[in-house]
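Common to both upcoming complexes is subunit A, partnered first by subunit B, then by subunit C.
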Partner chain A sequence: MTRRLFKEQTILFALYGFTICGCLVLAVILATVFIKGSPAISGAFLFEESRNFGLEGGIFYQIVGTLILMAGAALVCLPVALGSVLFQTEFLHSPQIKKLFRLLIYSLNAVPTIIFGLIGYLFFGVFLEAGVSWVTGVLILAVMILPTLHVSIHEAVESIPKHYREAALALGLSPGQQMRAVILPQSLHGIVTGTLLGLARAAGETAAIMFTATAFSGVKLPQSWTEPVTTLQTHILVLAQEATNPLALTNAWGAGLVLLMIVFVLIAVTLWIRSGLQMEAQR
Partner chain B sequence: MTENAIQLEQVRLSYSGKAVIETASCRIRKNAVTAVVGPSGSGKSTLLRTLCRMNDRLPGFQVEGSVIVLGRDIHDPTLNVYELRKRVGMVFQKPCVFPKSIVENVTFGLKFHASPNGKGFSERAEQSLRDVFLWDEVKDRLDDPANTLSQGQQQRLAMARTLAVDPEILLMDEPTSALDPKSSRAIEDLILSLKDRHTLVLVTHNVDQAERVAEDLICVDEKTICHKPCHPLPASVTLDPL
Partner chain C sequence: MNVNKMFPERGPAFWWTGFTALIASGTIFILFVSLVVESVPVFKVQGVSFLWGTDWFAGESYGALPMIFGSLMVTGLAVILVLPFALGSAILTSEFLNGRYRLMVKAAMELLAGVPGIIYGLIGIALLTAAVRDVFGLIDGNTLFTAGLLLAVMILPTVMTLAEDALRAVPGEFRDTALSLGLTRMEMVLKVVVPQALPGLAGAVFLGLGRAMGETIAVMLVIGGIDRIPQPWFDLFAPGQSIPSKIGREAAESLGFDLQWSALIALGLVLFVMVMALTSAGNLLLRRAR
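Coming up: the complex of A and B.
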């Protein structure tokens, strides 16, 4: 008995230890970014364009570029993800094909992002002649966040109580009417959560868009479909390469802090909307 | 001779080749209450759900023989199955209300079947709630969430939602099994009040209930069904096969 108790205590202690380690790593990263990045943050830093290759000025167009890519990716990806989920849950009847479909989506999630960049550039940039442009970036990011959105929406649709579907079916509603009346309203929390998490993933992505959609300097707002944008990720990477210059490094940390804040805000909004919509659905 | 609302001829119901009901032949009269009784797992609910093709998406489910509902074979490829389900409504064992207001629950199906301008929705909703004797209890709080109602009220609300789309046949799958005795009696009174305008088919495992409300009885057992008028109900329910 004592031995068993000792064993349990040891396991519990180890679990606490691992949890604290995980939290500590996150805390150290956040604290470092905050401490090193906060001196750079000011109104001018957020709302001015960068000058002298990022050593002076702010990161306004980098923030705008990041937001353009994120919003564009979500706008392109959402209808595709929603459509593929509804096709899988409402129209695909064979369990084997459903399983294959799920496997494909999960496999897509495991593809390294640089491969997305490469194939995306060859297809959208070269084959469809979009070149190094924000459109290429949006399309690559849209494909990349598709599994995140698909899984989140799929889980929400699958968790709709069976009796809701049956009640709608028994009232003579067609599949389209069932989607409007039951499936979409009841899975709204999953749709919103998936979109925001997808956005957060897109915000953190660098490799796939580095050479396909972005340019470091001399770029403001894109004036046409084929122009690149500049993003926070590219800005941080290029400034970090000039690590010997303390000014460049401070600005890189500042841009990192802003990027982190964008992701955090998205996650916070996700959690807030999710809990609100779930409460609404359970009302 | 009384007109039939439903007619089954040599019907076999099976899941992946395994028979749930081996052979079923019966007629269900129009504007009468027919009770389907039998032990648990005998296939009562499967039989009932077959009448409005609710089992269509169950993997491996198969129907053989002819199922005629309101004069049409329901497995005719040209039949509009959504129109069939509108004409043959179904109420389930567990009260199911949507996370919406009381009035939105009543008009839930109606808004997809009625004219798009939505004229007369409130009148139809009121009439349906009156039909299920719920109007006086909820008329002052129609916009309250439906799940604030008691279980018995929720079941009557589910019936009102079904009645709002004006079905000719109402199928009920053990509608009182999740309810207390008082609410069960309210549903039984409701069933009796509806039979002048609707054909009612009630699945129940309660023979006393079947005796109270039904004019005809279908007994499902041993993968077959038998059929007989049930007034007076035989002391031992041993009925002759049709």
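Coming up: the complex of A and C.
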């Protein structure tokens, strides 16, 4: 074997080594959550309320709380994201302003989530007087997932073939009619995948809602606008800090597994829709 | 600026979408302005010494240096740890794996990038701290090193995916030319593709840095929570504090308008500026790569 070939093989070997190590670490993490979490999962765990500060009972209201927050956030966010994308693609013609708009959305995407929590509390909790409540949480998460939805919808709208628009223009449609008849139906997949990714992001977020929207124990369904909810994320957070108590830890792993499943299903559906589209495009 | 010329058609659709666009684009300004306005009180009391003070005693003095230091340390450590794995697997996936395996790896990475921070936090507090304690013979496993290690695992999918995209963006002609000159596959990758993709790879790393710096929950649970610069400063196996973990720990007890709250917002402002600098640099490099 020549030296050149030897070098080639060594580096390739190293690359495989790094890749396998990286994948192994991630696989170990997933396996850990499954192995540690599955003993806790049962019908009672999923459908009972928690008792004794989360040490006994289930996580029913935690699941409901997480679902309320993520669904609310997506519902609030979707019209805003859709509108801002349409304004950007249909009414903005100057490339500089378009670029600036994109830059602002990308910057929003980079903001650490804890800052959304801080300023969101000031804005929604104090100025709008929602206090520490599920409404504050929904609004904060809606702002947080805005870039996710925006980018996904924008991509879909941009990829509509030019002659679709030309046909709409030739029929004399106003911008509003064009949106309804051509752009929305043609970018539906982007709207769906964007919303799913946004839901996944909202479901996985803890820092932004832990001191603005949630309470740990004694909370069921919110009865008014200004009541907090309890969520899977904050439930895990509190139980994890009692890591010396095996009972707390078991329930924390169980809640973690449920949360992970929610997020994974959302992302997997997104990937599935996307790969289906790609196959269609190749045909 | 002529409004009639810029926007010839102004029906209801225009006003409705324009309003939502204003919300979407104005949010980042509102965030920044609120951070600045709300942090004024602490700067009035402490002056700029807030930034390099080393003591943080609620009600007495507020010094941000230990938190800034902690953030830089854990982020830097995370990037050093993640680099070989992220770049190695990006190169392998982009240049040596065939289409189907490549898509599988990409899908797995996308799935993993979505794992919530609290899950990493749980793994950290339940398993990693004990492992770090036993392996390195420490009294307590809650250290800057533990936080950096956890962050490295967290940002691996992000950095790997972006780096892989950057490598794929190098045109095929470069590869064909290199191969036709008699370079081996690996020589082609290391001497042609990687140098060509270097801005993009750097951009991927910068974006990963930005993400790591802003991560709250996982870091908060394993970093130790002590507002002190370790002695000596490079001692990674000492407990510390990062900016987001400090905010996360103390925001709930000081929700409101006293000086403590203002000091936390000021910390948020420092974090915001650092993360924005990293992310802008990253986006700039990625755009140049394209």
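The rule is short, and it goes like this: the second predicted complex is superposed on the first by the 248 of 283 C-alpha atoms of A that agree within 3 Å, B and C clash if a C-alpha of one lies under 4 Å from a C-alpha of the other, contacts with A are read in each partner's own complex, and residues count from 1 in each chain.
Please note the rule applied: a residue touches a chain if its C-beta (ideal position, glycine included) is under 8 Å from a C-beta of that chain, and two chains touch if they have at least 3 such contacts.
If you're wondering where the values come from, they're calculated on a predicted model, not measured in any experiment.
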{"item": "Partner chain in contact with A:S174 - subunit B first, subunit C second, else both or neither", "value": "both"}
{"item": "Partner chain(s) touched by A:Y16 [first = subunit B, second = subunit C, both, neither]", "value": "second"}
{"item": "Contacts of A:F211 with subunit B and subunit C, given as first, second, both or neither", "value": "second"}
{"item": "Partner chain in contact with A:P95 - subunit B first, subunit C second, else both or neither", "value": "first"}
{"item": "Contacts of A:N245 with subunit B and subunit C, given as first, second, both or neither", "value": "neither"}
{"item": "First (subunit B), second (subunit C), both or neither touched by A:S38", "value": "neither"}
{"item": "First (subunit B), second (subunit C), both or neither touched by A:R4", "value": "second"}
{"item": "Larger contact residue set on subunit A - subunit B or subunit C", "value": "C"}
{"item": "First, second, both or neither for A:L108, with subunit B first and subunit C second", "value": "second"}
{"item": "Partner chain(s) touched by A:S159 [first = subunit B, second = subunit C, both, neither]", "value": "neither"}
{"item": "Touching both subunit B and subunit C, residues of subunit A", "value": "93, 174"}
{"item": "Subunit B partner contacts - residues on subunit A that touch it in the complex", "value": "93, 95, 163-164, 166-174, 177, 181-182, 186, 280-283"}
{"item": "Subunit C-facing residues of subunit A, complex", "value": "4-5, 7-8, 11-12, 14-19, 21-23, 25-26, 29-30, 32-33, 36, 79-84, 86-88, 90-91, 93-94, 101, 104-108, 110-119, 121-123, 125, 132, 143, 146, 150, 174-176, 179, 200-201, 203-207, 210-211, 233, 236-237, 240-241, 243, 249, 252-253, 256, 259-260, 263-264, 266-268, 271, 275"}
{"item": "For the subunit B and subunit A complex, residues of the former touching the latter", "value": "52, 54, 57, 59, 82-87, 89-90, 92, 94, 96, 98-99, 108-109, 112-113, 145, 147, 158, 161-162, 165"}
{"item": "Contact footprint of subunit A on subunit C as seen in their complex", "value": "6-7, 9, 11-14, 16-21, 23-25, 27-28, 30-31, 34-35, 38, 84-89, 91-93, 96, 103, 107-108, 110-112, 114-123, 125-127, 153, 156-157, 160, 184-187, 190, 207, 210, 213-217, 221, 244, 247-248, 251-252, 255, 264-265, 268, 271-272, 275-276, 279-280, 283"}
